[in-house]
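For clarity, chains are labelled A, B and C in written order, and residue numbers in each chain start from 1.
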Amino acid sequence: MAKTNAGNFFEDYKIGQVIKHAVPRTVSGGERAMYHALYPARHALYSSDEFARASGLPASPMDDLITFHTVFGKTVPDVSLNAVANLGYGEGKFLKPIYPGDTLRSESEVIGLKQNSNGKSGVVYVRTRGLNQNDEAVLEYVRWVMVRKRDLDAPAPETVLPDLAKVVDPADLVIPEGLDFTNYDFDLAGESHRWGDYEVGETIDHVDGVTIEEAEHMIATRLWQNTAKVHFDATFRPDGQRLIYGGHVISMARALSFNGLANAQMIVGLNGGAHANPCFSGDTVKAWTEVLDKAETSAPGVGAVRLRLVATKAGAEPFALKGEDGKYLPDVLLDLDYWALMPL
Amino acid sequence: MAKTNAGNFFEDYKIGQVIKHAVPRTVSGGERAMYHALYPARHALYSSDEFARASGLPASPMDDLITFHTVFGKTVPDVSLNAVANLGYGEGKFLKPIYPGDTLRSESEVIGLKQNSNGKSGVVYVRTRGLNQNDEAVLEYVRWVMVRKRDLDAPAPETVLPDLAKVVDPADLVIPEGLDFTNYDFDLAGESHRWGDYEVGETIDHVDGVTIEEAEHMIATRLWQNTAKVHFDATFRPDGQRLIYGGHVISMARALSFNGLANAQMIVGLNGGAHANPCFSGDTVKAWTEVLDKAETSAPGVGAVRLRLVATKAGAEPFALKGEDGKYLPDVLLDLDYWALMPL
Amino acid sequence: MAKTNAGNFFEDYKIGQVIKHAVPRTVSGGERAMYHALYPARHALYSSDEFARASGLPASPMDDLITFHTVFGKTVPDVSLNAVANLGYGEGKFLKPIYPGDTLRSESEVIGLKQNSNGKSGVVYVRTRGLNQNDEAVLEYVRWVMVRKRDLDAPAPETVLPDLAKVVDPADLVIPEGLDFTNYDFDLAGESHRWGDYEVGETIDHVDGVTIEEAEHMIATRLWQNTAKVHFDATFRPDGQRLIYGGHVISMARALSFNGLANAQMIVGLNGGAHANPCFSGDTVKAWTEVLDKAETSAPGVGAVRLRLVATKAGAEPFALKGEDGKYLPDVLLDLDYWALMPL
């Protein structure tokens, strides 16, 4: 019996199938310290227990993207080991903050299948949920990937395409229990701009840039137990380059966006996302944001903003996303659409 | 009085001498997070408090190799600062898991001495023990190194060669108190192969590879307070290369072996080990395993496997260890012989 | 309204102005583990809870330079974003050890202003204090930087130059409550040299060297939430080099000084410091110390030593600091003057 994991191929997935992913993980202050060392993350709610308590939470939660990466990383061996392309994300909701001492695991349900017309691969849609040690869901999102077939003669499954919302309805966003920004300290948070200061259509250049090193993206990617070899093995690709995990670019761009969005504290919804172009060591990542929408929430002093966060390589034209052909410009790395919570 | 440590030379060691090594260290979730970020370590027992509790332990212990590196690192200034070569390990036993909050220190007893015929150096055998804050031994192993003489005219000591077991007898392996794999969750652990699925003589190619970066091996090696300058100072060797700490290769290979040995959870015995060839930044490390032996244990649901773990550079011939001359092949980095515990 | 922080310019500072810096931060064992992985830090008091308890403290405190970097990092966006040069430090006192779980914030008072004769910039003196979650001061120091003017026509402020002590009077050093070195274990600490073994004027070559990597200095600098882009963005300087945060060199030199000063456990005073020349990735950092002064303290078994810690590049002439022109030699990176506590 072969002992190593060959991953799943397109014909291995069935609608309704639930995959229980390995390996559960208990997080601690160690993961937080590493996150803050790998990305210029400064949002006060995730940096200070005191600030979090003044905002109605029991302590400073782990950064939302730690939850995302931890949950996502576990799905890689089952979902994307034989993926040709990571096509998209949607319907993402952060359901509960996680704290040092919590243990996370992941499971995914297959909700869509469509074989490609070439008969060599197909698109698999999974809804992934992250669960804590009390079996409470902390995060859910849909992801779709193009996966190779093992056996080209395997019959095509019935096509099932999930009906996915383009945007998470703000009424469906889950505000952490107790969250209250009425006593928000803007000095400690780093900027004075509140929810009312942002306008739909406004764009913000986050100014700062970070040049990416091999050691850093590998340390980060391993931290999430994402072991896809394309990120680690320089002998794997013919060009000798290690492809950087898309989530590394997401976290880098989100952290850079502090400069101009210091008060966009919590990520609560993930409407969509595309890794527009690959990122490699030596690239300098910069970021800009467009305010897409705003919404009120039921929590005291808390508003929601829908933001397009774009990561580019240094030198990219400001605020330029796609060319006349509708395709992403070559210097664009990431186009992410998310909901965040801000003080009113 | 010279204030800096010149290390011990061959003539400084006496049979029966006990060396109390500096510096004690309290470990936390921080060391665990870093270990999981530096190596693709995924064994569930070391990743999740919940999984560890379901296996009868009070919480997730620190990875066994964290214990090994921490104990080993402390011996470097006293044992191997003037070493010409690290010759071997043997009779290693992990005696007690360590947990966040534990404090480790090390001491070594000189158990063997043999001056080389050239009169310039000699072999020193030490039995090293790691102790926790309650003075309980957590690890012991024998190591022998070739050490230079300071004074070539110093008289040769009486030759004493310890009688070392080739293999730790499985009856002598120490199973952690309470360990019980009868409710083992193979889905969460990542693979379905149990003790009964492995056959003596079986070989497993662990498939994945990791290309090593300077920053990573230095971060790892410092974490264990191993300060041998050959690992850190690019001006030290004439070729300008920093030699990678052999323990970095051990941890990398062990972590890579998850793919095929996800259920070889705990390391309990270290029968022997050789660093076959030096490893440098830019090398891509891969690993394979040969099952050498199997044994039953007294713990419920727990079996032991004796494994040869071999690390190679990418491109090495599969499962090839030594040439016709009996010497390690040039692409072989590590040949490690250990006992691990698996679910029956 | 522009949302990003353009930083303060010379004309923005007023004598007596108090700046409350963002972002507060709760530290944990994670920050300690990273510090010990990034620097060869081995001082026993900061490594072992047991050793610290035997010295009268409740547990092992965070390294003093973690406190310094954390407090300092917060001041960067308000004080040195538009700085042309970091001119000096003085009157630094460590007032209270910090422990995992503590939350730090910083505030600075403007205590000196002097416009340069060219009218384009000026020197700003601030006294910065680090505070814990109980509003207790844990550190204070003075720093002066040269800052650009935004508007060259802005009128020059009245010149105010603070009267700064050249050296912190040893009677003003704050010894942590309970500190007691009468049962100090020199074996566990790593060296036998006590306070009485050091003579004023004595010099110590710390022997070891570390070659600096981009990934490491960026990880370290981000850990302190210091986001000055010159450290991270390779497209920022015309030469494509990332300037290394001066504090990285301070911590590296202090950690290297363990070899010869293993018992100089706690930093309690910072008399002055100069970053003599810039440091870049690829430089190999070495260090030497000159004993400048000694003093008794009121704590049992505890003496104070005043030390000049000099970091150089490998290959620098031993113990050479300045040329005949009174300027620092080109291979000198750091000249730091501090008080440390040692066992009598």
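Definition applied: contacts are C-beta pairs under 8 Å (C-beta built on N, C-alpha and C of every residue); 3 or more make two chains touch, one makes a residue touch a chain.
Worth saying up front: this structure is predicted, and the values here are computed from it rather than measured.
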Graph distance between chain A and chain C, where chains that touch are linked: 1
What's the call on chain A versus chain B, same or different interface residues, using the half cut on shared numbers? different
Geometric centre distance via CA averages, chain B-chain A, whole Å: 36
Two or more partner chains touched - positions in chain A: 28-31, 33-34, 100, 213-216, 219
Okay, in this complex, where on chain B does chain A touch? 28-34, 36-40, 42-44, 47-51, 60, 100, 187-191, 193, 197-198, 204-211, 213-216, 219, 259-262, 282, 284, 314-315
Once bound in the complex, which stretches of chain A touch chain B? 1, 3-5, 20, 22-31, 33-34, 77, 100-101, 103, 105, 133, 213-216, 218-220, 222-223, 225, 227, 229, 232-236, 242
